[in-house]
Every structure is written in structure tokens, then in C-alpha cells.
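Chain naming follows the written order as A, B and C, and within any one chain the residues start at number 1.
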Amino acid sequence: MHDVSATQVTDEHKAPTGFIRKYVFSLDHKVIGKQYFGLALVAVFVGMVLSWLLRIHLAYPTWPIPLLGKFSAAGAPGGVMTPEYYLSLLTMHGTLMVFFVLTNAPFAAFGNYFLPIQIGAEDMAFPRFNMMSFWTTFAAFVVMMASFFVADGPPISGWTAYAPLSAVGGDAGPGLAMGQNLWAISIALFCVASLLGALNFIATTLDLRTKGMSLARMPYSTWAWFVTSVIALLAFAVLLPACILLILDRVGGTSFFIPAGLILSDKLQPHSGGSPLLWQHLFWFFGHPEVYIAILPSIGIIATILPVFVRKPLLGPRALIGSMVAIAFLSYMVWGHHMFVSGMNPFSANLFSVPTLIITIPATILTLLLTASIYGGRMRFDTPALFCLGFISVFISGGISGFYLAQPSLDTYLHATYFVVAHFHFVMAVASLFGVFAGTYFWFPKMFGRMMNETLGKVHFWLTFLGVYCVFMPMHYLGLVGNVRRYSAFVDDYLAPLIPVHKFITIAALLTGAAQLIFFWNLIWSRFRGPVASVNPWQATSLEWSTTSPPPFDNFGAHHPVVQNGPNEYGVEAPDGTDYVMQMAPREGV
Amino acid sequence: MGIDIHPAVNSGPPLIPRELSAGLGSPGSGLAKPERSETGVWIGIFAIVMSFAAFTSAMIVRQGVTPDWRHFALPPILYVNTLTLLVSSITLAWANRQLASVGPQLLGARDRARQSYSDGMNWLYGTLALGVLFVVGQVLAWRSLVSQGLFLSTNPSSSFFYVFTGMHGLHVLGGIAGLVYMICKLARTNGTARTTGLRAMSVYWHFMDGLWIYLLVLLMVRT
Amino acid sequence: MGKAFAVVLTLITLISIALFVMHTWWLPPDISTTGPAVDHQLEETLIGTGVLFLAGQLMLGCFAWMASDKTPAKKNRAFPGGATPLVTAAILLVGIEIFTLTFVGSKVWGAIYLAPADPGALKIDVQAEQFAFYFRYPGPDGKFGAVHPEKIDDGSGNYFGLDPANDVAARDDIVAASLVVPVNHPVALTLHSKDVGHSFYVRELRVQQDFVPGLDIPLNFTATQTGKYEIVCTQLCGLGHYNMKAYLEVMSEADFEQWLKAQAGQ
């Protein structure tokens, strides 16, 4: 033993006093978690407003939106957006939502706040990396938003930024000069931030578990964050090189993704020999695991929250964790299913199709376990519980359409239609956000020391639940008809008859969006006026409910908790007369 | 719905004061506490391997897709650089050995501890110098390529040469930063600071060696 | 609240399924030799997944309904049999479905994308560019002229970059803005792009294929019904993406010969 080792933990952990250290460049994982949460809220608000604008334009292409005209006179002269501005906003909607909301909210925000507490640690393994991780993400966000304010606006190449459209520069269209540069730099920064974050999550989970917190005793949310961070580590480690090569193609004159002999704006492009498919391979090698980065944390959150409200243990915890690991493993073998009709060798389609379909097995197991866990319980229908039920429902709906798109023979018809839009919005976006909503209503008391308003919460749930079905279910029908996605208008005779469906979706989207304002209001109101929360308002077992709301700077007040039980002890007859045993509760006879 | 919907009854959680638990904070089992800095470095190495695997596969795909690949002779200075980096690993290993023995010796043989400390620090300075030399050598290799008219955009072979050496160089610079940080920390505490950070840094440094050998072979075979 | 959830969920499920079953919005009729197999595969998938969807949602609704009964005497009950039967059922049922779908589906896919072009197929060269498709027929000599990207000049109508002055094979090439093909005659397309990625999508043919700059990608089909159908771009290609389209005109053999002559005469 080194004579200095006994003091190492404590001297790293004095609570900071200055405002900057406390709230801005904080090393405290709880502050960083809240910062991520706040950033995700800003991003989701912008992304939602963008989706409103897109939907209004699709259904009512001639309606002027005066504020938009003021915001960008070139992009929306007189408030009616141009086709290219539609694509700019579409790109930003996708990018903000996928990276800054679906990756940040369920994974980075809740993970940062609760992973260390749930394993009984005082902080992350590397608090400085953690701080850098958030501020790099923040920088990425600023760079991304800056593209709204450069000469011809954000890029029009979609969130997938397919080369060569994204690689050749301004000759390919508006937004593809400076806007696309900012996009690529922002995503590269985001990759660096996510790698730092993932590294931190993994090291923390491996090294900082408190006494008695074996892997088997970790709550499912911690498991999900852990598995997700492994996925993220590998996925972002591939997207980063892809972004670097893209940036070099754009500013360094290289030809990684740009083939010879391209003529854009009547100019022969000075590149030769690159491979556009290489970008797609690298991008989707990241892109498909990214789907699981978005959804797995929410599955973990739901699996943690659901038993609290059903008041009985989750069914098959080992199968649940095994399924998550299986999904993570399989997620690296399926990227080609985004590329069935991309021009890659058609023989490989079947090779990618089979593992894709196999993923439905662990996904089905997860769904069945969650559903069957409700059976025979006496459920408390608080708002988090409702969002758990909603999550299972939308996860089923979104998962089902995966059967279609995983088959190359059907993808040949459904690819790039609204069927795909419906699929990924349900399974990735809505399901993941339902997990975030459940997590917010559940953990808000712990994070801010006050309860959220239940009535507003329930109104929010019902409007959102009905709303997302009204928005996304009809998109399946549009896809079956062959309505192509990423069109800024439906001008031809074939698609024009579908406009009424689009109008229905637009109205539903506006209303569902408006319902989210209730959520925002509830957050703000409850933050200041909500009833004060007790230590454990939901009678849950995991460690965060053993410390004050909100927890002190070092989480457990200069103490290391000792864990005696698994996280699943609900519906038991505890010695104190309750129906649950906390992870820290002493065991009889121990 | 009120404030305390389902009042918590489970109380009296077992907590142990941190001072007492500092030595026994073993996750789950009773094993010794893993060193987080080393864990972190290994995880980082995992990610770096993945990144360079991505670059490598990009290179293989790019070379296979179009017959426009022009081979060129690697600048000879690369071999000198390789040697520099390899030697730096040896000096770092020596430094590690000396510095690791400082702590235990402090209890008894103070003179020997002082000697180990100053030897260790000298090896560290040597490592630092070799590391910087390596980076300078890589820059010279770039200049040698430029003088042959091989720029970043000249040919995919030169593009990948710059990308690989550049990305590796950046990572080595990261290692140098870590080394400087450790040197400052050790100098401030006269060698009594825990050497786990140094061990972790050494793992990273040796990995940079291995990565460079891999890249060198790859570049020799491919470009 | 659980009962309300069950009722709402059941309604959503039934309405969603009804709209699928009633074919309120549906695929346009198929006009290709490979299309019926795709439609058949789609129907099979619809039935299989429809059952899963209905079962999953109703089970969820049903359990939520049951769990809302909070009579004090009622005790928690575990799911009968625990997790093992569920996991086994999931692996078996979904596994069988996957196996069947893959087995049948890979043949459907192979028929469209892996089958070699018919030796007597009509060869047509297709070029996509921002934001139009152009189609080139080899003309009476049956040979395509060589393509020179640097000679491409949309202003003078030289979309493919042909060099008729020096290239005999290029002189009789016919370039059209519509894809005109004879009915029941195999067609072999070669897709290439002038600038960025595009896609060739004809709903009625049940066929979609991307154009990748730098690659020549083959695509074969045989249309079985005369008529005029839309070819649309499905790969985001820039600001005019939404309006990038051409027409597939399927004609009788005689009409097609007529058309070809008229084009050659121009």
C-alpha cells in the first residue's frame, strides 16, 4: 500500500464553490447529466419546430410562414420555403434529433446522472473527460446551429450525407459549401465527445461499483447504459474516420468518396477514382448501431421503471440482459440492410438480411418479457407507468415494420418511401422518446427535488400516445402506395391524391407537438412550484432512491453504500411490512 | 396525487464511512480494486484500434475500386523514426521501474529512494525527447514526400500516407501531453505521487509503438 | 387508467389493421414478370406480422386491463411458467417466420437482381443527372458509342458526352427523355450517373435501384402491360430531387418499332 492511497478518493471530491466550477465547467456527473438534459431539450425543441415547418410545407405548400420568412429571406421568400430550404431543414431535423436528442437524452443525460449513483460511485471514473465530453458536444451543437446562419444555409444532403453529394462542395447545390463543412466538423466533434463519454461509462461501470454491487445486481438501466457505451465506443470510432475522410475530400482535394468524371454545374470535378459506396459502408457501420444507441438505454429505463409500478419483479432478468447484449453484438453485422438497392453486390443482400431478421428474436424476447411482467400485477398508473405501457406498444409497432424492410425483396419496393420513415420514427424516435419521458417523470424528483405535476403528465401522455399513432401509422399506408420520402412537394399526378393523408398527418403532428409544450411547461413549473419530493417517492429499490433528493455532491454523503440485494426485489413481504426491499437494505442473517 | 405518493419505509441503509471503505471498495467480489486509469487506457486503445481498422478497410476498398493507385518509395527517415520510437518505449519502461520503487523505499532507504527518483525522472526526460524527436522525424518524412511532389491530394496512396501518419502523430502528441503531465506531477511531489497514471500512460505509449509498426508494415506493403 | 389504456390500444390496433386489410391505400397494380412474387411475399409478410402485431398489442392491453384491478384481496401473480416458455416461444415462432421469409424471399430477390440478362434483351443505357433521366438506345448498329464525360454538354443536347465526329458507333445512338420499351420483351438497363447518387424507381415494376457515380449498374425487367408509368428518383440528389422524374412507356412491339424509327429520323 502506498502511504498516499488512503486519501486519494476524498481529496478529489471537494464540492466546488465558485459559480463557474459549480454550474458551468463542473466535474460533477450530476451537473453534467443535467447539462446534457438541457442541451437535449433545446435540440428537441428546435428539431420539433423544424418538423412542424416541414409538415406544414408538405401539406400546405403555398401557406406563408411569416416568421420563417423573417428568419431566412433567401430560404423562405415571403415565408414559403424553397425546395432547397426544405431539404436544409430536413437535414437539420434529422441530424439534431438523431445526434443531439436520441443519443444525448436517454444515454448521455440520464446515463451521466444515474449510472454512477446506481452503482454506488461518487462520480464518473474520469470527471475531467466527462466535462470535456459535454463541452465538446456543446461545441458540436453550436457549430451545427451555425450552419443556419451561413450564406446558403444548412446542407441539403440529409442526415446520412451521402457522397458525392456531400463531398463535392458548392457545385452540387445550396448549403453544400460552408453548410456541409460545418455539418462534417460538428459530427466529427460529436464523435470525439461520444467516445470520451463512452470510455467514461465503461470504465466507471467496470471499476467503480461499490461493495456488493456485482454485475448481476446492477439495475437494468445501468446494464443498458453499459452495453450502449460499448456499442457507442465502436460505432463512433468508425464514424470519426469517415468524417475525417469526408472533410479531406471537401477541403483537402483528396478523392476518397468522389469518382472521376463527375460533372456538376457544368464543371468537370477535379477528383478521380473514389468510391461513393465506401462512405455508405462506413456511415451505416456506424448508423445501424446508432439505432441501438438510441433505443437500448430506453429499454433499460423502461425495464427499471416498469417493475416499480407493477410492484412485482421483472420477468426473466437474465434473458433481458442477454437480449440486450445479443442486439449489441448483432448490430455490427447488419449495416448492409440500409444498402440493398445501393448498388452493392446483390449477393450480399441475403447475408445482411439474415442477421437483421435474427435481431427480431432478441427484440421479441425483450418485448414479451416486458409485457408479461405486467401480467398479474397490481399496477399503479402514474405517468411514468403510462409511458412504459406506451413504450411497449410503439416498440411493437415499430419493430413489426422491420420485418418488411429487412427483406431485400420487399425493400426493393419500400426503400426510400414513407414506410421507412414510419418504421424508424416509431422504433427509434418515438420509442426512445417514450423512454425519455418515462425517465423524466420518474427521475425528476430525484434530479430536482420536486415532483412533476401528475395531471399535466397524464394529459401529456394521452395526447402524445394518440398523436404519434395518428402521425406515423398513416405513413405506412403512404409507403405502400409508393410515396417517396425526402420530397419537398408532391407535384405529380401519382402522389397528388395522397395530399389529404398528408394534411391529416400534418394536423396530427402540430397537435402532438403542441402537447409537448405541456411537457415543457410541466418541467418549468414543477422545477419551481412542484411539491417537494421525499427520498423515495415511488418506492423503488435502486441506490439513487437511498440518498436525498437531489443527492449531495458526492452522492451518498461521504459514505460508500454497501449493496445487499438485487434490483428486482418487488412484490415481496419485507420485514418492515412493505412490498419491496431496497438494494441497500440489510439482509436477514447476513 | 400528492407529494409522497408511496412513502418510503425502507430505511436505515447500511453505509460505511468512506475513510474506512477506501481500501475495500471492491466491486462485487473481494478482488483488488482495478485501476481506473489503466482500464481507461485499455478502453481507449480498443476505440483507437477500431478507428484504424476503419481507415485500413477504407484503404483496401479504395485501392480495389479503381486502378489509379500509384506506388511510391517510403522516405527512409521513417525507419529512423521507428527506431526512435522503439527506443523511447525501452526508456519509458526503465523509468517506470525506477519510479515504481520510489514509494516503498521511502519508508526505509531514503537515499536509494532519492536515487531511484532522479534516475526515473531522467529516463522520463529521455523518453520525452525521443517522443518529440519521433514527431519531428515524421514531419521531415512529410517534407521529403512534398519535395518529391507527393501532396495530400496527389494520389490515393499519398492521401492515405498522410492520413495514417497524421492520425498516428496526433495520438503520439496526446501521449507526449500525458507524459508532460506525469512529469509535472512527479516533479511536484518528488516522486511520491502514485505511479498508476504513469503505468497507464506507458501502456498507451507502447501501444503507439505497436500501432506504428502495424502502420509501417501496411504502408510498406500498400503504398 | 389501465382499462382506458386497454380500450384505446385495442381501438388503435383494430383501426390500423382494418386499413391494411381493406387496402384503402395500396400498391398500384404490378406490370412486371417479377412483380407478382414481390406482391406475394408482401402478402405473406403482412399476414405473419399482422398476427404478431395484433397478438402483441392485445396482450399488452389485456394485461394492463387486468393489472388495473386493485382489490385488496388480490395478490400479485407471476406469469405462468416464467420466462423460459416465453423465450422459447419467441425463438421458435419468430425463428420459423424468419426462416420462411428468407427462404422464399431470397428467391424473389434473386429473380430480380441476380438473374442474368436475357441474351435477346433490349439494351438501354440510362444516365441520371441533377434532375433528369436520359435514355440511350444503340441504334441500328446495335452498338453504343463511347462516353466522354468532358464532352457532356446539356446545352447542345449531348447529355452522354458522345463524340459522333470520331466515333462511328455513336452516330446512330438514339437519346430520349422517356424510357420506351416493347411489352413482354426483356429489357437490360445499364445505370450510370453524371454527378451524384440518384435512383431508378418504378412502382409498377416493383423495382428500385440506385445510380452510383463511377459505377455501371445493371438492372433487368420485363414489362407485361402497355401504358405510361412514372420513373422517379428516390435517392436524395439535391434541390430538384422532388421533381426528378421521367416516364416509362410500355408499347406494343409494332408501336415501339414505329417510335424507334421516328427517333432515328430526327
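Just so we're on the same page, contacts are C-beta pairs under 8 Å (C-beta built on N, C-alpha and C of every residue); 3 or more make two chains touch, one makes a residue touch a chain.
Just so you know, these numbers come straight off a predicted model, no measurement behind them.
Fewest steps needed to get from subunit B to subunit C, stepping only to touching chains, is 2. Contact count check for A-C and A-B (C-beta pairs in contact): higher for A-C.
For the pair subunit B and subunit C, the distance between C-alpha centroids works out to 49 Å. For this pair, subunit A with subunit C, the centres built from the Cα atoms lie 30 Å apart. Here the spacing of subunit A and subunit B, counted between their Cα centres, is 31 Å.
Among the residues of subunit B, those in touch with two or more other chains are 65-66. Shared interface positions of subunit A, i.e. residues touching 2 or more other chains, are given as 259-260, 273-275. Shown for subunit C are the residues that touch two or more other chains, namely 214. Residues 1-2, 5, 8-9, 12, 16, 19-20, 24-28, 37-38, 41-42, 45, 48-49, 52-53, 56-57, 59-60, 63-64, 66-70, 74, 76-79, 82-84, 86-87, 89-91, 94-95, 97-98, 101-102, 105-106, 108-109, 112-114, 129-130, 149-150, 152-154, 194-197, 199, 201, 203, 206-215, 217, 230, 232-243, 245 of subunit C are the ones that touch subunit A when the two sit in their complex. Taken in their complex, subunit A has these residues touching subunit C: 82-84, 87, 156-158, 160, 162, 164-165, 168, 172-174, 258-264, 266, 268, 273-277, 310-312, 315-316, 319, 341-343, 346-347, 349-350, 353-354, 357-358, 360-361, 364-365, 367-369, 371-379, 381, 386, 389, 392-393, 396-397, 400-401, 403-404, 407-410, 412-413, 415-417, 458, 462, 465-466, 469, 473, 476-478, 480-482, 484-492, 494, 498, 501, 571. In the complex of the two chains, the subunit A residues touching subunit B come out as 1-6, 8-10, 119, 125-126, 129, 195, 198-200, 202-204, 206-215, 217, 233-234, 236-238, 240-242, 244-245, 248, 252-256, 259-260, 272-275, 278, 281-282, 285, 380, 382, 451, 454-455, 531-539, 545-546, 556-562, 564, 574, 576-578, 580-582, 584-586. On the subunit B side of its complex with subunit A, the touching residues are 1-19, 21-29, 33-36, 39-40, 43-44, 46-48, 50-51, 54-55, 58, 61-62, 65-66, 68, 103, 106-107, 152-153, 156, 159, 163, 167, 192-194.
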